[in-house]
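Let me begin by handing over the structure; questions about it come next.
Per-chain numbering from 1; labels A, B and C assigned in written order.
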Amino acid sequence: AYQGPFELLLDLIETRKLLVNDLALANITEDFIAHVRAQDAFPVEDTANFIQIAATLLLIKSKSLIPDIALTDEETADVDDLRRRLEAYEKVREASRELARIYGKSQMFSTGERIPEVTFAPSNDLSADALAEALARVLAAREIVEELPETRVKPLVTIEEMMDQLAKRVQSVMTLSFKEFSKSNKEKIEVIVSFLALLELVKQGAVAAEQYTSHGDIRISHTNSISVPRYV
Amino acid sequence: MLTPPAAIEALLFASGEPLDKKQLRTLLGLKESELKVALKVLSESLNGRGITLIEADSKIEMRTVPEASALVKKLRENELSRDLGKASMETLAVIAYETGTTRGEIDWVRGVNSSASLRTLLMRGLIEGREDENDKRRIRYSLTTEALAYLGISSSSDLPRHAELAAAARDIIKEDPI
Amino acid sequence: MLTPPAAIEALLFASGEPLDKKQLRTLLGLKESELKVALKVLSESLNGRGITLIEADSKIEMRTVPEASALVKKLRENELSRDLGKASMETLAVIAYETGTTRGEIDWVRGVNSSASLRTLLMRGLIEGREDENDKRRIRYSLTTEALAYLGISSSSDLPRHAELAAAARDIIKEDPI
């Protein structure tokens, strides 16, 4: 069934028996993105959410790969916000399971529908115009709610577009945060290259999947381990 | 745990009409003498309370106590004389423009639960419910003739902007996934 | 003579719908503190009986006790509680533990769009929406007595792990500047 981003994140973390913290989030980054890639398409209004969360995960991932990377204030706020929302969602899911346990189990019934003795009692606010206005108001109120499902019908964002948006978003951020690293020792640069390769892998993963099926010659290792491909 | 008197109290409270003693016995799995005792205990415990038991030819019913009838009458009058208010007016409007509509359809159009409003409108004689020919359980509601007369129209198609509003309501009802 | 608790019991039984505390006070001519006392006396006198009080927001309703659920179901099969999907149950949980929450807050904590779940809960009469006093456009949602009845509890303080989960919801959700 369709899973929201938080539901997916929590499931990934819970299956690995981790606590909700940056380490856990870093660990499941690839799985989250792989899961996103596995969906053939996304309802438009949820896409932005998934991309935002995937990008924040990659930020947390980069922090775990390069501990003293300097995230901007805005990025740190994104990371904190994601963690806070996930902790809140964890509580909501617990609460939801508690309610599901008792819902409908010991139902309390109201008095039986006694057939009310009918006396014709119109009210002074009742008139033909009042009815027209009331229905017009109901129909208008539905317009606002209505237009949401419509967008779901609009062409959905394909995975390639999503991966491109994600890659562009993270690369622009990465180059920003990597400015001061380029001068320092070789070992750090090695890590940065592997991280960007990871990103490329994810992006290519979407592309290679097609090539793989049509030509069948390019082999790419599966993304669930961080084995970075050797580009010859 | 539920004592027999409490169980009887719950059943009588929840049943819309008087319950037959035999029915009570089968529901509770009690012998006649046990039912008798339980009923006695229940009715004694209701002394000084707002509700009481009425027994008529082997049927038992729960009713408000006589001392409360003036108060209950005040509640009724209050319910009958009050302005309809937003919820009941919207419910009545959907019924007016979409004659023969069901509760499910009204809830769908309004996006909220309408059972309380339907009860008020029925009690005030503004709408009436008829069983759907091919599905007994579904009730279809429409304006009463007194309501049409009060609104000064002979049929709902005389309502203002009828064609436009009725068509819009019908489109929405068609979308109803149920 | 009819004591206030007995009068309240009669009114709640006769009405069959939740009554607003303000309504009860005007009908009975009681001050707020007097109503509070009368309600307490009534609910205590209902201990161990077949019926009990449910309170949600400022509304009071009389219902059969949870222990009588299986028994009454035999009488009223048509009203069995249909299941709630995971999304609706999650949305109900946010509203249950964070009463008066808004759609924005629910979307924020669930990470998905909740309008479909809100509509389901509204149509089933499990939640109701009220306009925020200082911001008309913003709607705040809370559980109805119907929701508490399906959960088999008399007030939201009886929700499982209420103190813990309500506190958690309060300090996380409330911070979010909508």
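Criterion: a contact is a pair of C-beta atoms (placed from the backbone, for glycine too) under 8 Å apart; a residue touches a chain by one contact, two chains touch by 3 or more.
Please read all numbers here as calculations on a predicted model, not as lab measurements.
A.B. asks: Which chain has its Cα centroid closest to the overall Cα centroid?
C.D. replies: Here the chain at the core of the arrangement is C.
A.B. asks: Centre-to-centre on C-alpha atoms, which chain is most distant from chain A?
C.D. replies: It is B whose centre lies farthest from that of chain A.
A.B. asks: Based only on mean CA positions, could you tell me how far chain A sits from chain B in angstrom?
C.D. replies: Their C-alpha centroids are separated by 45 Å.
A.B. asks: Can you compute the centre-to-centre distance for chain A and chain C, using the mean CA position of each chain? Integer Å is fine.
C.D. replies: From the centre of chain A to the centre of chain C is 32 Å.
A.B. asks: Which whole number of Å gives the spacing of the CA centres of chain B and chain C?
C.D. replies: The separation of the two C-alpha centroids amounts to 20 Å.
A.B. asks: Which residues of chain A are in contact with two or more other chains?
C.D. replies: In chain A, 109-114, 145 touch at least two other chains.
A.B. asks: Spell out, as numbers or ranges, the residues of chain C touching 2 or more other chains.
C.D. replies: If we look for residues of chain C contacting two or more partner chains, we find 13, 16-17, 62, 64-65, 67-68, 72, 76, 119.
A.B. asks: Can you check the complex and tell me which residues of chain B touch chain C?
C.D. replies: 1-3, 5-11, 13-15, 27-28, 45, 48-51, 62, 64-65, 67-68, 71-72, 74-76, 78, 107-108, 111-113, 115-116, 119, 137
A.B. asks: What part of chain B is in contact with chain A in the complex they form?
C.D. replies: Checking each residue of chain B against chain A gives 10, 13-17, 80-86, 89-90, 92-94, 96-97, 109-111, 119, 122-126, 144, 146-147, 150-153, 158-161, 165, 168-169, 172.
A.B. asks: Considering the complex alone, what residue numbers of chain A touch chain B?
C.D. replies: 109-132, 134-139, 141-142, 145
A.B. asks: Would you pull the chain A residues touching chain C in the complex into a rising list?
C.D. replies: Chain A reaches chain C through residues 4-7, 45-46, 49, 53, 84-85, 87-89, 91-96, 98-114, 145, 148-149.
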